[in-house]
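So that you can tell them apart, the chains are marked A, B, C and D in the order they are listed, and the count of residues begins at 1 in each.
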Amino acid sequence: MSCAIKSPLSGIIPPLVTPLIDNDVLDKEGLEKLIEHLIEGGVHALFVLGTTGEAQSLSYKLRVEMIKNTCRIVDGRMPVLVCISDTSIIESVRLSYVAADNGADAVVSAPPYYFAPGQPELAEFYQRLIPQLSLPLFLYNMPSHTKVNFAPSTVRRIAEDSRVIGFKDSSANAVYFQSVMYAMRERPDFAMLVGPEEMTGELVLMGAHGGINGGANMFPRLYVDLYNAAKERNIEKLQQLQEKVMQISSTIYTIGQHASSYLKGLKTSLYLLGIWSDFVAAPFHRFEKAEQMKVRKALEELDMDLLLR
Amino acid sequence: MSCAIKSPLSGIIPPLVTPLIDNDVLDKEGLEKLIEHLIEGGVHALFVLGTTGEAQSLSYKLRVEMIKNTCRIVDGRMPVLVCISDTSIIESVRLSYVAADNGADAVVSAPPYYFAPGQPELAEFYQRLIPQLSLPLFLYNMPSHTKVNFAPSTVRRIAEDSRVIGFKDSSANAVYFQSVMYAMRERPDFAMLVGPEEMTGELVLMGAHGGINGGANMFPRLYVDLYNAAKERNIEKLQQLQEKVMQISSTIYTIGQHASSYLKGLKTSLYLLGIWSDFVAAPFHRFEKAEQMKVRKALEELDMDLLLR
Amino acid sequence: MSCAIKSPLSGIIPPLVTPLIDNDVLDKEGLEKLIEHLIEGGVHALFVLGTTGEAQSLSYKLRVEMIKNTCRIVDGRMPVLVCISDTSIIESVRLSYVAADNGADAVVSAPPYYFAPGQPELAEFYQRLIPQLSLPLFLYNMPSHTKVNFAPSTVRRIAEDSRVIGFKDSSANAVYFQSVMYAMRERPDFAMLVGPEEMTGELVLMGAHGGINGGANMFPRLYVDLYNAAKERNIEKLQQLQEKVMQISSTIYTIGQHASSYLKGLKTSLYLLGIWSDFVAAPFHRFEKAEQMKVRKALEELDMDLLLR
Amino acid sequence: MSCAIKSPLSGIIPPLVTPLIDNDVLDKEGLEKLIEHLIEGGVHALFVLGTTGEAQSLSYKLRVEMIKNTCRIVDGRMPVLVCISDTSIIESVRLSYVAADNGADAVVSAPPYYFAPGQPELAEFYQRLIPQLSLPLFLYNMPSHTKVNFAPSTVRRIAEDSRVIGFKDSSANAVYFQSVMYAMRERPDFAMLVGPEEMTGELVLMGAHGGINGGANMFPRLYVDLYNAAKERNIEKLQQLQEKVMQISSTIYTIGQHASSYLKGLKTSLYLLGIWSDFVAAPFHRFEKAEQMKVRKALEELDMDLLLR
């Protein structure tokens, strides 16, 4: 059962962590626990199989299971967005069918991430992909992983097709985000969504529609409050909440030395909060004890009352 | 005659374009015209010999002249910051003497930009530099040109010395800016200044102190209004002004194909606005006629009444 | 029917272009023509589903077909290497089963290419992968696409497992190649193979074992001659052949503006040489007429007698 | 007294380390010792104020002293090349005067390294610079420090002026080096010189003219032997010497964690070999004791007889 997306899609849309028991075994119970935790936390939609969802590390079988189970558990209570990013257009289309068949509401796609396309090639890729999809599409900018940025004019060109209903940007570059927002200024129905939680508040103040923020897996209420404070232009409150967001970012996400620290910190934290196992798919692995202790300490120093109320 | 800096330094601080008659000839009349234009426009301080000032393209003789003439013209009417970035610590120190002798109020320094240092080396560089300076120091993050970012912890470490009074960030990375702001949260006297004008508004809302924005050379009033709207938390007005800022950014700065387009667009625009010659120092050169026409068209489409009142 | 690999694997091993009729339709006839062309040209082994083979752009169904058909056509006449690079370890293992079941001789794997691993993570990834493979493994360094280089010490660490029998480097960095060769100097059975044909000759002179060179799809004899000249230390002849290689590289591969130019030039050239269709899988597409004309001109200027004898 | 350069300049041309007593104090005695050591070692020319010479870290006063003293000590016994790379064309020209006045034989210039130029801008920069020089010019490609590569066609375009007599490439990219060599194939008088010593041997075999190799400061004879072996096409001997070169590269240059490790390792090694002080200019500093011990160990493991005979 699907749930129509109001345009533009707005609010906090957690990029779901994929709970795992082993490399190819979904933790269905953990997933249920997580989704209920997020719904209670007041989030506005869910986004599965993104970077935080470790989609590229998972088998296709498991990706399919993740779509099915999420749609089943959510059961129309809020929109479900499914990320279908792939290096192969055919595999992307196939995942979009699974999403549609299971009642998801939209798909999301980052550029093919092996052989980086140029801008005209990027536009053509989407012009070929879109007619094969039966769900509306969000574009997903993730240059640190795909090696390419959508030029603002490329976003506008692709979005001439009305089936393209929004844009998620994980570049962390605010000049770039403002440029895309400006390029799309005559499309008030086009959702502008922010990846990094550290800059969601300020960009919602400036007109962005919401955040696809990893930290919302842990503390959905905090990010929903941040979003609401920005929507209500309550700067005082926004700054207070931003400080919590920065405390999380400066502690939990920066333990360890590799780019994967964010993911490991997030999964360890969810484990410590009692939500499920901290299994991380290859090529990564869960934190060792020493790092886990640091996450525990970071969590203790957060004001849990604020976060979990 | 100098003018003490109130801590933290706040407001709009244009990075002065360096008006040139030829590769090694300062346009003193143009400089006077520019500075009076900026003072009338209500800016809060001036920043000379930055990236926009083409400092690295200029001879040392001309850099010295630029310092002297700016200080002479300003004559204590507002603080003058002098950028002393150099690959050689000795040349940096020498420029700082010139700045101090001529009554400038502070110096600004980006990391040595030939052989990129690591973080401990960066901290040590400043620990060696600072005792040799007789003016307070702002750190200047400009990774696209220096190939290195100050880690937030490195900023904090360097700023343990109270002679370090602020930070300018031109990375365009809002997550990074928020991280440095968070790392420095217990130093309310430490100025957090934004390079890119496209993100100055949102960051002032979140607690930053101002912007070192190139566009303020052309339209100082626009950026001062933007800053004030953010200070007063007038979001409605801020969004309106932001649209103008983005119109400038999406037109004047993006003509031409190279990284130098920003600089050429800015200088051409100042020329067309009647402020002075559009001479650009080597390795760059002024726009050709075709590109100049595009700048003219971009200017015509801006609402000049708003900008120049 | 497989064909045991002599250690170290040596010679010219073309990375097969994947002949396509449409995005998901293998051109089996074209594949047969290509393989016979290569065998006649004297190549020493074949490498399928690499970067030149557009593997990441193909559906898994088509990748499986490509493995099956190549093994069937080759029928034990030379070793077949199958690239199983994937972001998911499970999908990599699955492809390795297909390779083994169809009689391929070895598999090849580049690092997971979405979320870049650190060096210890890279080593662990292979330590997990290797026990699940039933064929020997070549490591594949391709930093422009995977965003990570195997450190020489990481290669050595992974290659402690004797099932790892070689290394292909497409970094174009000769200092790096020499460093890995030096790190592996006590393993004379470990094959050091060069990706870029422009540097194969010189590195074979210095001790490398061969080249996985895209141009060998077009002119297998040229690259085999180059390899032989290097093996025989016939520098005079090597320099002559190198000039042809550089003529190809400086013309056919550099038409067009994007990173995909190499691939498009190669496929167009094969089409013009009468080998098959020039269809390129999404996100790319075949050259337009204007660019095709340039490839034709480049081919005409090559001394075909030399190349095709 | 100058010494005419034979075209093309060939052989081993050490990029002189700059011996320092303190940040702004040249060690003239050390310089004398070093130059005599190099002349005894049989090198073919000297290159001062390059990256290895820490030129950008030095004051202009010291750069001038370095030029003067080197020319004085060499006294026409071999060609002296002076690097005049600067971000300011005026300062570059000024250094070229100093070089000419003191009897140097040629100047060398890398692109302006603060604000990276595009290819047409790069060509124009040199077209403006060259007429102001009174010595012949070598171009210097150093993309890791300047953020820009000379396109092969840009080298050809700049070298249309016959005052441009050679090219030094420190990119480590052998495909690139071959491409420039191919683009310049009709200019047998144009010197193609290799920066990284790890790839000098193989490229001299393929037609390059020599190496500007940092390690030649320590062991000039080794690199001269390597060059001669390549010139004589004695592959056996070349491979033996290459192994020594790689041993040095894999030990002395890779102690420490930052890009400066190469420089620190080299200066420490020269100190331990008794040539002079290991003072490194800011932003760097000499190795600590622990790292110095590692350099000592690396030196002990080298076969000194071979190196210093």
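FYI, contacts are C-beta pairs under 8 Å (C-beta built on N, C-alpha and C of every residue); 3 or more make two chains touch, one makes a residue touch a chain.
What you see is a predicted model, and the numbers here were worked out from it, not measured in a lab.
The equivalent interface to A-C, defined as the listed pair sharing over half of its contact pairs by residue number with it, is B-D out of C-D, B-D or A-B. The most distant chain from chain D is A, comparing centres defined as mean Cα coordinates.
Chain centres here are Cα averages; for chain C and chain D they lie 35 Å apart.
The centroid of the Cα atoms in chain A and the matching centroid in chain D are 49 Å apart. Annotation for chain C: no residues touch two or more other chains. Taken as a contact graph, the chains are arranged in a single closed ring, with each chain touching exactly two others. Of all possible chain pairs, those that touch are A-B, A-C, B-D, C-D. Considering their complex, residues 23-24, 51, 54, 56-62, 87-91, 94, 111-118, 121-122, 124-125, 128-129, 145, 147, 257-260, 263, 281-285 of chain C touch chain A.
Contacts from chain A toward chain B in the complex involve residues 152, 172-179, 181-183, 185, 196, 198-199, 201-203, 205-207, 233, 235, 238-239, 242-243, 246-247, 249-250.
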